[in-house]
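For reference, chains read A, B, C and D in written order, and residue numbers begin at 1 within each chain.
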Amino acid sequence: MQNVDAIGSADLTGPTKTNYLSNGFTLKSWLLTKDHKRIAIMYLITISLFFMAGGLYAATIRLELLTPDTDLLTSATYNKVFTQHGILMIFFFLIPSIPAVLGNFLLPIMIGAKDLALPRINLLSLYIYWIGGALTVYALLQGGVDTGWTFYTPYSTTFSNSYVMAVGLGIFINGFSSILTGLNFIVTVHTMRAPGMTWFRLPLFVWAQYATSLVMILGTPVIAITVLLLAIERTVQVGIFDPAIGGDPILFQHMFWFYSHPAVYIMVLPGMGVVSELISNFSRKKIFGYEFIAFSSIAIAVFGFLVWGHHMFVSGQSIYAGMVFSFLTMVVAIPSAIKMFNWSATLYKGSISYDTPMLYGLGFMGLFLIGGLTGLFLGSLGLVVHLTDTYFVVAHFHYVMVGGQVIAYLGGLHYWWPKMTGRMYSEFWGKVSAMLVFIGFNLTFFPQFILGYQGMPRRYASYPAELQVLNIFSTAGASVLAVGFIMPLIYLVHSLFYGKKAPDNPWMLPGLEWRTSSPPPTENFEKMPVVTWEAYEFGEESGLDLDEARRRESVTTVS
Amino acid sequence: MADNHNEGHIGYPGYFGVFAILVAGTIFTYFSSFWDLDSIFPGANTLLALLIAFTKMTCVMLFFMHVYWSPRLIWLSVVASLFWLAIMFAYTMQDYFTRGSGVFSS
Amino acid sequence: MQTSSWVPLFPEAASSFAWQVDALYFYLILISVAFTIPIVAAIFFFMVRYREKEKFATPDEMHGSIVLETVWSIIPFVISMTIFLGGAYVYYNQYRMPEDGMEVYVVGKQWMWKLQHSTGQREINELHVPVGRKVKLTMTTEDVLHDFSIPAFRTKADVVPGRYTYLWFEATKPGKYHLFCAEYCGLNHSGMGGWIYVMEQRDFDNWLAGNESGGTPVQQGQDLFENKLGCASCHAGGADQRGAKLEGIYNKEVRLVGGQTVIADDAYIRNSILNPSSQIVEGYQPIMPTFKGQVTEEQLVSLVAYIKSLSGVTGAAPTGTGTTGSSTMQGTSTNTNSTVAPRADRGNSNTQGSNPNAPATRPEPGRNNQ
Amino acid sequence: MASHEGTHEEFHYHAPGLQHQFEDMKQQEESVSIGMWMFLVQEIMFFGGLFSAYLVFRSRFPLAFAEGSNHLDPFWGGLNTLVLIVSSLTMALTVFYAQRGNRNMQVLMIVLTMIFGATFLGVKLIEYTDKYNNGLIPVTGWNKRIKDTGASEHTAETSPAKDAAFVLPLVETRTSAAESATHEIHPNPKGEFQWNYGSHVFDYAIEKEKTSGKAYLTQSERIGYFSNGAFDPNKYRDKIRIFFYIYFVMTGLHALHMIIGLGVMVWLLWAAFRGTFSSDYYAPVEMSGLYWHFVDIVWIFLFPLLYLLGRHFLHS
């Protein structure tokens, strides 16, 4: 809460009319708020904490893997560390990151609504998230869990002697938080659009959020029930997963991945949405093939449910199932490819400016390209038999998750930071950190592809000595990456107090969120906006006074 | 959902009609379970029971839950959720049904 | 695996279908490059060519082009189909079991591999196979999921409790290759590995005949302890280990479960190896499998010698202490089905026997005070 | 459970009058109904997970499932189905009267709905008690502990033990629900799951296999019921136990939804009593209705899938 109150007080100094931050400073005005923007800020603070915790675990892992032996950590500790890294990063950072923070803050503004359709549900989802997170943190402090984030049975039901129950319960509860968020978004997009904001005038960020919400609604309940069954089985030793009593561990994997593969798209679709915004806006050019990008999001959301079996190619499912799932995996690659091509085409004949968000956007394109292509490696049956459960997989999903979602999240955070806080951050440090993240990331994870093909299994605390060199590269890269991630934390917080006031529309962009004050008032707009322009129109028809803006720009640059 | 209260329901005869169908369906399900339909093909009993259940569900959804008078979106969400259930069942079972012949197990 | 170059880029390929996997790998790398280079090049070109010249310029609009969209939807689809077909073909080769394969049974157990040849020889964490013969592994596990993975052979398969899974390979190059457990299986997951020895048929026959290598009893014992029998996975020090500490116990008093104490002499050590559950040291679970029938008399001697050496005592042990001499004489090939080739469905509902953490014995830590 | 606080929110959420974020009542009602439907969609998927588990094991061990199902009492199950259907009718009528703005009938209908809902739970209680007395709860120690003497700890009197000849479980369990003592009392000192009702469906299937050449056992059954060649009652019992496990999880979760529904009804009753709802504003009634009907629908599927398996094996 510290930062948050600070934002408010910092804002008091200006002669500005009351915005959502200066509208009440008591703790109560925050904890009982129905304002989607304040809820988003509270989400932002919480997930940042979880991100830092997960990052510490990651650093520990890389340090341990610096040497082939288990000298820094014992195997037991290492198992807990990578498990908790996974659980925190996936369930408590990646899944809520863009939807709950940027989506929560911007979706209503982008469609010209006063708030989400169900504000109390929104607040409720935040509290559910907090409860789930608290339970998990409690379990981690008590001694943690060592099942791997996948909770495969029968290890998790019978053999693991760690806090599986508490963590499972935490994830179960947390699931309903994302269900409620998704529910809220869907309703909002359907009923709360401003006059003139037709479906095909929606920013692509909104389309991506909509697709994500579909996945959340349809997928998350299944993981909830799965974790519930797991918990019952663990407590009373009766169940359907333990082969000792006629159960079937493969069924758990089916039910788990039915959610957890679509969850991968929960973790990358919003990122794609953000990047569509960045690419189009910072090349001041209408996005190329709007409809195709929009529908490819929906297509990914739908096809994402048909491919979960590609996590189980060697698990003992039948090869015929394996072939079906592999085929569909190839199909689901197409929409992502379409997006990629359209983004590149958007740059063509644009007017590209290299502000920090755009650097992140371009970084996303590079990393997601590699992440997606290596996905084909892992979808191709013959190859995956050799590659699955090796560091190739680890590298691949880090390219998609970190190179995709986290990069996009940072890009979006920088992009909308002036709008969210009313302050400008240091452009210089922004660019530096963007570079560092890009370089450090590649140095960290590219060697792991090679390690993977060498056959180094994942989740190994110690590994054959001949693989050390590549691991040293990886760890070195991780240290650079860490610096890259810590810097934004510093200069963004710094900007809250000392950053210069942000204009309402620093980049003269057409999106609705740029047509209200920064930070926006509690009900987002002085009066209900009426949309008369298509998405991503930068010319006169967007009604922006560009000459005025240029004049203002020249003044600021001279002085 | 019903915008004004003149539509969105089917009046007494309608409601009780649906009710009658549901009751009849239940009783029929009960007694049909005693016939040996499995001798026709395995699972025939369950199939019949499920068909009845689906009919009952449709009645409840259409008339008690007013889907019949609802906007397309509601129809869509109902159909979609059933479709996703189908996905989950079908793709899980395709593994189990082809397991025996799969090379993984004997 | 090759250690010649200081940074290994490519694993050794030593099985009949390894080349197919590698071919697929290179094909995909080729495709990736073919996609990456133009896109990245285009992006960089655009970035330079169309960089912002004037603040807030409004370049003329350009809407999508159906033609382009169709083209770059179709082409990737076609390519991905070639990948799928190639992959499916290789996959089929990897998992279609040969009829005439040489049978080996594999049982995974936290955290060791127990293998047995159809001729009766038992091995632990090691597998000796002849070059150029098809080998078919029939695998299951006593506890959790494991995964029998041999990178040099480009194949692996999960090992599932209550079921058999199968794996086959035909080694093409004599040598010593890594064996990993690739499915996370708990505490000592990264220790659950070993070696595959591919030998010429003649050497293999010698090995079957059972020629022991040289070395002092202590050295042999150490080899057995650390590699062949995998005792180390439970007994090698460390606070988290499940087996009793062996350093410095020789000729000391040991408190057993139930209170009475014994002197840890040769007879005791030997007995603990052959029927472990008979004398459990206080504070440990009765989870050690019996090695009866898996260790020969000579191996026992070397083991005892090694364990003594852990206490700084040297000198070979007296062979065949009368107490358990009889029980060790049952040969390797007699009780084939006892430890390996398990039931396909463990019917009885209490299988917590081999399970250190079954709530029966050690419930959720939150609910007890351990 | 969090999701149901969710529903509660739905209901508290619109006190009469327009929420600040909406333009007009229509928009608000539309949002709320879409929101409720999205919630129902996730509920469907929530139960869907259980159903797929059921599907997998039913398809692997049909005989064991039929065996277990034959010890559930379709009389109580059917009765409950009817009870729920009636409550659905009254719920529908509640909405009908709310639309009409007829306060008294609303209140009456809500009360009726609640009564039927409570009846349903009461019947489930009877059934669960029967399982408890007969050691059919799959969790060790959760069943009635019966000393080896044959006398139960709780009820000292023991009625003349009937010989094990298997009467139609239909009849047997109906009575056994009332007094569990009419059939033989099986010692169960640890309160474990036990199966004292033989393997009648299995025997029947084997018989059929002999007479007609057709295969009546699935692949998994040929592995799952036998140990080295011979039929193994313990392994058979374990499969039956899986059936009861699924039975308890499914009906338990369903009952939980009923209880939450009743909670919603209490609030609804209070609001209706205060005359909150009019022909212009009855969305909460309709939303509660949707939830109630959904719970009803779940049971419509649970009844045939749990209670009526392989009846014909023993009753035709």
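FYI, contacts are C-beta pairs under 8 Å (C-beta built on N, C-alpha and C of every residue); 3 or more make two chains touch, one makes a residue touch a chain.
Note that the coordinates shown come from a computational prediction; the quantities given were computed from them, not determined experimentally.
Enquirer: Comparing B-D against A-B, which pair counts more contacting C-beta pairs?
Expert: B-D
Enquirer: Averaging the CA atoms per chain, pick out the one whose centre lands closest to the mean of every protein CA shown.
Expert: A
Enquirer: Between subunit A and subunit C, tell me the centre distance in angstrom, where each centre is the average of that chain's C-alpha atoms.
Expert: 35
Enquirer: Taking each chain's centre as the mean of its CA atoms, how far is subunit B from subunit D in angstrom?
Expert: 17
Enquirer: Take the average of all CA coordinates in subunit B, do the same for subunit C, and state the distance between these two points in whole angstrom.
Expert: 48
Enquirer: Going through subunit C residue by residue, note those that touch at least 2 other chains and give them in order.
Expert: 95, 157, 163, 165, 345, 347, 349
Enquirer: Listing for subunit B: what residues touch at least two other chains?
Expert: 73, 80-81, 84, 88, 92, 96, 103-105 - these are the residues of subunit B that touch more than one other chain.
Enquirer: Of all residues in subunit D, which are in touch with two or more distinct other chains?
Expert: If we look for residues of subunit D contacting two or more partner chains, we find 30, 34, 38, 41, 45, 48-49, 52, 56, 60, 224, 235, 238, 241.
Enquirer: Using the touch definition up top, name the residues of subunit B that touch subunit D in the complex.
Expert: Contacts found on subunit B: 1-5, 8-9, 11, 15-16, 18-19, 22-23, 26-27, 29-30, 33-38, 42, 45-46, 49-50, 52-53, 56-57, 60-61, 63-66, 70-71, 73-74, 77-78, 80-82, 84-85, 88-89, 92-93, 96-97, 100.
Enquirer: Report the residues of subunit B in contact with subunit A in the complex, numbered from low to high.
Expert: Answer in residue numbers: 73, 80-81, 84, 87-88, 91-92, 94-96, 98-99, 101-105.
Enquirer: Name, in rising order, each residue of subunit D that touches subunit A in their complex.
Expert: Where subunit D meets subunit A, its residues are 1-3, 5-6, 9-10, 12-13, 19-23, 27, 30-32, 34-35, 38-39, 41-43, 45-50, 52-53, 56-57, 60-61, 138-140, 142, 193, 224, 235, 238-239, 241-242, 245-246, 249.
Enquirer: If you look only at subunit A, which of its residues touch subunit B in the complex?
Expert: Contact set of subunit A toward subunit B: 190, 218, 222, 250-251, 254-255, 258, 305-306, 308-309, 316-321, 324-325.
Enquirer: For subunit A, which residues are in contact with subunit C within the complex?
Expert: 70, 74-76, 79, 142-143, 146, 148, 150, 152, 154-155, 158-166, 234-235, 237, 243-246, 248-250, 283-286, 288-292, 313-316, 319, 322-323, 326-327, 330-331, 333-334, 337-338, 340-342, 344-345, 347-354, 362, 365-366, 369-370, 373-374, 376-377, 379-386, 388-390, 450, 453-455, 457-464, 466-467, 469-470, 507-508, 537-540, 546, 549-550, 553
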